[in-house]
Amino acid sequence: MLPREKVFRDPVHNYIHVRHQVILDLINTPEFQRLRRIKQLGVANTVFQGAEHSRFTHSLGVYEITRQICDSFKNNYPDQWDDSERLVALCAALLHDVGHGPYSHTFEHIFNTDHEAITRRILCNESTNINHILREVAPDFPQKVASVIDHTYPNPQVVQMISSQIDADRMDYLLRDAYNTGTNYGLFDLTRILRVMRPYPDGIAFDANGMHAVEDYIVSRFQMYQQIYFHPVSRGMEVVLMHLLARAKTLYEAGRFDAAYNPRLLIPFFEGTWTLKDYLKLDDGVLNTYFTYWLDYPDPILKDFSDRFLSRRPLKSATFTSDTENLLPDLRTLVAEAGFDPEYYTAENDSFDLPYDAYDPSSANPKTQIEIMQLDGSLEELSTLSPLVAAISGRMTGDKRFYFPKTMLQKSGDSSTYQQFQHYLLNGALINLR
Amino acid sequence: MLPREKVFRDPVHNYIHVRHQVILDLINTPEFQRLRRIKQLGVANTVFQGAEHSRFTHSLGVYEITRQICDSFKNNYPDQWDDSERLVALCAALLHDVGHGPYSHTFEHIFNTDHEAITRRILCNESTNINHILREVAPDFPQKVASVIDHTYPNPQVVQMISSQIDADRMDYLLRDAYNTGTNYGLFDLTRILRVMRPYPDGIAFDANGMHAVEDYIVSRFQMYQQIYFHPVSRGMEVVLMHLLARAKTLYEAGRFDAAYNPRLLIPFFEGTWTLKDYLKLDDGVLNTYFTYWLDYPDPILKDFSDRFLSRRPLKSATFTSDTENLLPDLRTLVAEAGFDPEYYTAENDSFDLPYDAYDPSSANPKTQIEIMQLDGSLEELSTLSPLVAAISGRMTGDKRFYFPKTMLQKSGDSSTYQQFQHYLLNGALINLR
Amino acid sequence: MLPREKVFRDPVHNYIHVRHQVILDLINTPEFQRLRRIKQLGVANTVFQGAEHSRFTHSLGVYEITRQICDSFKNNYPDQWDDSERLVALCAALLHDVGHGPYSHTFEHIFNTDHEAITRRILCNESTNINHILREVAPDFPQKVASVIDHTYPNPQVVQMISSQIDADRMDYLLRDAYNTGTNYGLFDLTRILRVMRPYPDGIAFDANGMHAVEDYIVSRFQMYQQIYFHPVSRGMEVVLMHLLARAKTLYEAGRFDAAYNPRLLIPFFEGTWTLKDYLKLDDGVLNTYFTYWLDYPDPILKDFSDRFLSRRPLKSATFTSDTENLLPDLRTLVAEAGFDPEYYTAENDSFDLPYDAYDPSSANPKTQIEIMQLDGSLEELSTLSPLVAAISGRMTGDKRFYFPKTMLQKSGDSSTYQQFQHYLLNGALINLR
Amino acid sequence: MLPREKVFRDPVHNYIHVRHQVILDLINTPEFQRLRRIKQLGVANTVFQGAEHSRFTHSLGVYEITRQICDSFKNNYPDQWDDSERLVALCAALLHDVGHGPYSHTFEHIFNTDHEAITRRILCNESTNINHILREVAPDFPQKVASVIDHTYPNPQVVQMISSQIDADRMDYLLRDAYNTGTNYGLFDLTRILRVMRPYPDGIAFDANGMHAVEDYIVSRFQMYQQIYFHPVSRGMEVVLMHLLARAKTLYEAGRFDAAYNPRLLIPFFEGTWTLKDYLKLDDGVLNTYFTYWLDYPDPILKDFSDRFLSRRPLKSATFTSDTENLLPDLRTLVAEAGFDPEYYTAENDSFDLPYDAYDPSSANPKTQIEIMQLDGSLEELSTLSPLVAAISGRMTGDKRFYFPKTMLQKSGDSSTYQQFQHYLLNGALINLR
């Protein structure tokens, strides 16, 4: 324990309180400090300009909420909560995202990395500072923390704190993303939720009189997905990034990179030979630096996508449905006729999320459902009590979009290619143009 | 004008309203989008973790406040304000920081660049997209906008909107830095200040009944400097950055860099041959990428400072005064005895600011003083009305600090070097250890 | 028009802007100033202590939102909105609640008053200052303003601004009640809703890209009803007030009041002879003053209920259903056995609201449904687009509660009356005890 | 102790946490519930309309801050703080304002009551419910709580928590008044102040690294006085109330009241025979009720002032100085010539406050100065460290105003009385007209 509590100022939680030396030491590792250089929401700041916050601030926020949950459990439910679990919970909260790379999902898709597996390696591989610090607690402590993040830790209370349909991770990111984007969709009553959260032998439940606060959190989460995380322009920037990295990989594999444009820190990823040490050198700025190199690269596609990414020129999009999906080949042909390689200049992108679901043992990935504890101690699943939650429970929501160059929308009288493309839009093949 | 107003969501101003096509086009230039990759407060996020916002969001904020001032002047003082000045004011507001480089003042110090001169070049040099867009308004428009930023534009109302002791720039950064750091020192009543701001032939004054809102702004600004901008740990990170860049330059000049660690985009700056195009490729991430390269560099000082910067290991510090300044050579000698090169591992750093000053024609850089308009139309200078402002007016505030490695504070029984160093601290040669 | 805009500071809207002399004059009438002495939420401050705000501040808030809507319509849709309608809209907004009495619905129930009819009289009866001011605009202007409030005004845009399922009234009270109670259930994005609101010939619609902001408003409203407006303890205080006034009326009718306890300003209401002038003398404090008188009154019921109301001793309650309704007579009998007059010491109270409904011409009170305007100009009713709204659309929500003295819950071993009463609760005849 | 913590929702502190049965019982007494009917800021809501909050919510806020201070002292300074003092501190915090009457200072002035003496009686007189509850803790407990409020309690830490230049009372009212008026002058960093507050044997000090937070609090307090508490229009309403009560007293003493207008609950105060029980029946609404009676009273002055108070028609005012004070008799004569009784229709009113002062043993009422604890444990008085605090320390600030009827400003060509009055204003006899 620290001789005196240390605090970090935070715009969302006001102060983040640290009392364990091991937590402070973990924060001060290079592996954790690196999260300052990875934005929490990737490219979303190109649409919601304030979304410039990093995985570092989010990780400290998840830690802080977990700390508050432990304090509440210790004070109010000493018989139901074993406070010797606190340190493993706090470490798991702090470190749950430490394996994330730059522009997470897009990078993973191209380079076939897996941030969860990497998180486990950062915790358990003896080469890291984080592992070293965790090992000093106990030889098996790194593995224990990793098992919380993996959901294999035996105490379900600890696992659900960090990872469930209402956990410290989600609660922090909703509040933090709302704060930084300047929207209020993600706001909910954290203080009240913490008050009504209670441990029971099989996990964490919520007092019946706090049902509406939990309902409000689920609705907020649904709205954040609809409004922020699935924003079509933001996805248009992700498509640009995806195709940019894909093009770079293709060029590298064709042996066409020359020294002046050499993305030194990315080479192990192009070659599939990367080590953990290579991975920990990456951040958003490293990728952007290479994109800057490529602004002058002879390949017109690499050059154009680098510029699109750095100067925010997303592809446009419109939604299609299963009824109109069959028209996409025609649209791609028209894009090709207009002089754009459709492999890079078109894309299909869908964004779907399950806002909430009751437990379904037959599903591929059964969710830990949210349990509301009645006055008599019995548990009722949330959606049976809330018509709002029932309305969105078990329903995938989102849309499918077709992406294409903005040029396709230009009004140039003499080109039938453009006119034909726009004709499809006018006739409803695609709707909700953004 | 745009067919329909376009808005950008912003956490500080809620929405930023754009009605001119030229403003939208300027925002979409590569030169302006680059500001997304330069943090507004440089290294301050290592102390106030939420301070991750960029010069991009700040620049849009300055634009928005200027737009609101123009709207207010147009509606309330149509005889005193010529609304045909609006566009030049808006462009100057948006672009006033476009010449900033990464980690601004530190970078400028080492590489002898000047962000104000570069701003002028970005506006007036025909190679840039920004110049191209401004020229379409009128051939002399780039120069007009630049002259507002230079304070040479003939209309003092426009100049003071953008640059004075109470201007759109300062008002946005105080609010934005307060929002992102999560402190409330920088809060003041923007709406009320905008209401009491009024144009008069020689510039901008404030209605007498708004004096307290202006006073509150000056006090807020003073407090932000004391609490945020002059934070000793933040300055300790700036010292690290300064010495890191200085070491890299020294190594380059000694011809000792090898290819694998080659900071390609920085070479023109080491060589003093950089062009505007070279400058516009730089951002925070580019510098961080090279620091990542240097984590493996054979030179122990470059390597250590790269790690200090990336992993947040600042130098420690304490204040000294003119009375104790003569002891610094001894302290430096002890640092050297402990095995640290004092050229890199010690520093003197002072931070002083003039929170407010009345106009003094004899000063090197006379300030446009804040004028309060009485009911009879006469003007009174702010500090004559406010005892709070008078208390800090014309007084430089800040401190001088001596920086050194944290190791010097270690309790190692057998080393007289450390004991002697600490002895100086105990005897008050240095105080306010941080 | 005023020579210079006048503002009122407001915690919800920051400033309330007044430009018309007539609006300022209306605010300064005794009839309108009286609203300062009537709390917006009646007895809700006994549960949410901050809910101490008045109908005065709310009325100015409704005015301000209406003013902002008019500004937006004038700037963005000059062809669809006739700005000469502004003044009638503003007056109707300001005055829509001017006929409210103290503790509105409870008072109305006992004394058979009707605040809507009284509003009309305040506007149209030549004795009032408000009528006098309105008449100076035009002889038929009082009637025009009244007809907006009555929904008979020919322009549906004006009517819907003030009174529809998403109007200035509801938007202000949700924000204001949320602010003052310190809950965030009532928060929604007012700025965005105002941006996407648009006039069309048959009323007001909302741009498709603002659908989620409208959805969020409906959900917020639903949650405020569930959490604040229907709070069981608050309703327990309303029951106390209802029975207190009923008892006083009964005593008066029985001729049993004596001079020292004489509720002078209430007598015309006991006698059914009240005039508008009598009505305008009432406020919350007048009623409380008489309750204070009655603390010493010989009748034990009047005395006890006066004390219950002034010292916040609500009746307790639990919900019943159609299945358990038949047990209420037994419960009342037990309350009587315990020595309480069940006419006063028990009550059934239900609170139901229709959070939103699509237009149904067959309903008793068809609602103006919320229309979302698609890109092609067609209108779609909100609940067809939003699963959340569909979930609560057309569904009455609320509960039925049985109220009784807290004493019935006491654990006094020897009394079988209490035990029997509690036995019913244990067996589920009543649930959700509060 | 309560079986489970009970909370009250509060807009300023989010939740107010109660763990002691005695605190809950005190809140539920008629004496304490009565504070709901007395506005914290008296007539200030006639200028800052949101200032409708009561002494009840403020009292709970003072309790909550005190509770947080005790928690912090117990956790961080167990050797310096005796937690058995907690209950006396909490009770004193909760009850410190319980003796306030309606429209406090004005009422006291006319009826010669003293809220501090009455507070002591409410605590110590065996007739009250509060006394009864306190006595159950210990026979001498009522007296102990009263002695904290009187500053005679032996433990200076407890006294300073409740009453010093930076105490729970002031901290709550600044935050709460700022919240409800919607201004941000009163905001300061409560969380940080609580963190740096520390007990020492002679009282409470503040850590040196929190000096700026304390400075900010003092500046905020100064600004609230200047902007809110001393507002000239608000004082104009206090003058109206003062003269209204004075007139009623004069009429009563002259025997001229008749039954229909009889202010029953005020009679003991007119006669000087009031008991504690009489006092506890008063609240803002009782006074307003009698003012409503008097709207029809034959005496034109009583009638006019009743209407002025209820319908918000303040006297106007302007400042005078020691140089122009000699002109006031002339001005009063002119007011008399215009037909107004100058005894009622004019007034001199000054508002002065000492924002902060260092301890001065020679002063009539020496202040407990704010001590900043240096790293070496020595104490330094705040104003020696802060130029802002030094600027306002020991300086009375405020102004003197002359009040008169608005009619005196009318432009009626033929009346030389009005012209002469206005002439004085034009020539600067009075300035800052409001």
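The first chain written gets the first letter, and so on, giving A, B, C and D; residue counts start at 1 in each chain.
Note that a contact is a pair of C-beta atoms (placed from the backbone, for glycine too) under 8 Å apart; a residue touches a chain by one contact, two chains touch by 3 or more.
As the structure is a prediction and not an experimental result, all values here were calculated from the model.
S.K.: Once the contact rule is applied, which chains count as partners of both chain C and chain D?
M.R.: Touches both chain C and chain D: A, B.
S.K.: State the chain with the largest centre-to-centre distance from chain A, centres being mean CA positions.
M.R.: D
S.K.: For chain A and chain B, what's the span in angstrom between their mean Cα positions?
M.R.: That pair's centroid distance is 32 Å.
S.K.: How many Å are there between the centre of chain B and the centre of chain D, using C-alpha atoms for each centre?
M.R.: Result: the chain centres lie 43 Å from each other.
S.K.: Roughly how far is chain B from chain C, going centre to centre by Cα mean, in whole Å?
M.R.: 51
S.K.: Which residue numbers or ranges of chain D touch two or more of the other chains?
M.R.: Residue numbers touching two or more other chains: 14, 183.
S.K.: Per the contact definition, I'd like the list of chain A residues that touch chain C in the complex.
M.R.: Residue positions touching the partner: 183-185, 187-189, 212, 215-216, 219, 222-223, 226-227, 375, 387-388, 390-392, 395, 397, 432-433.
S.K.: Please output the residues of chain D touching chain C within their complex, sorted ascending.
M.R.: 8-12, 14, 28-30, 33-34, 36-37, 45-46, 48-50, 52-54, 56-57, 60, 179-183, 260, 264-265, 281, 283-286, 288-289, 292-293, 295, 307, 310-313
S.K.: Spell out the residues on chain D that touch chain A in their complex, using ranges where they run on.
M.R.: 4-5, 7, 14-15, 76, 191, 195
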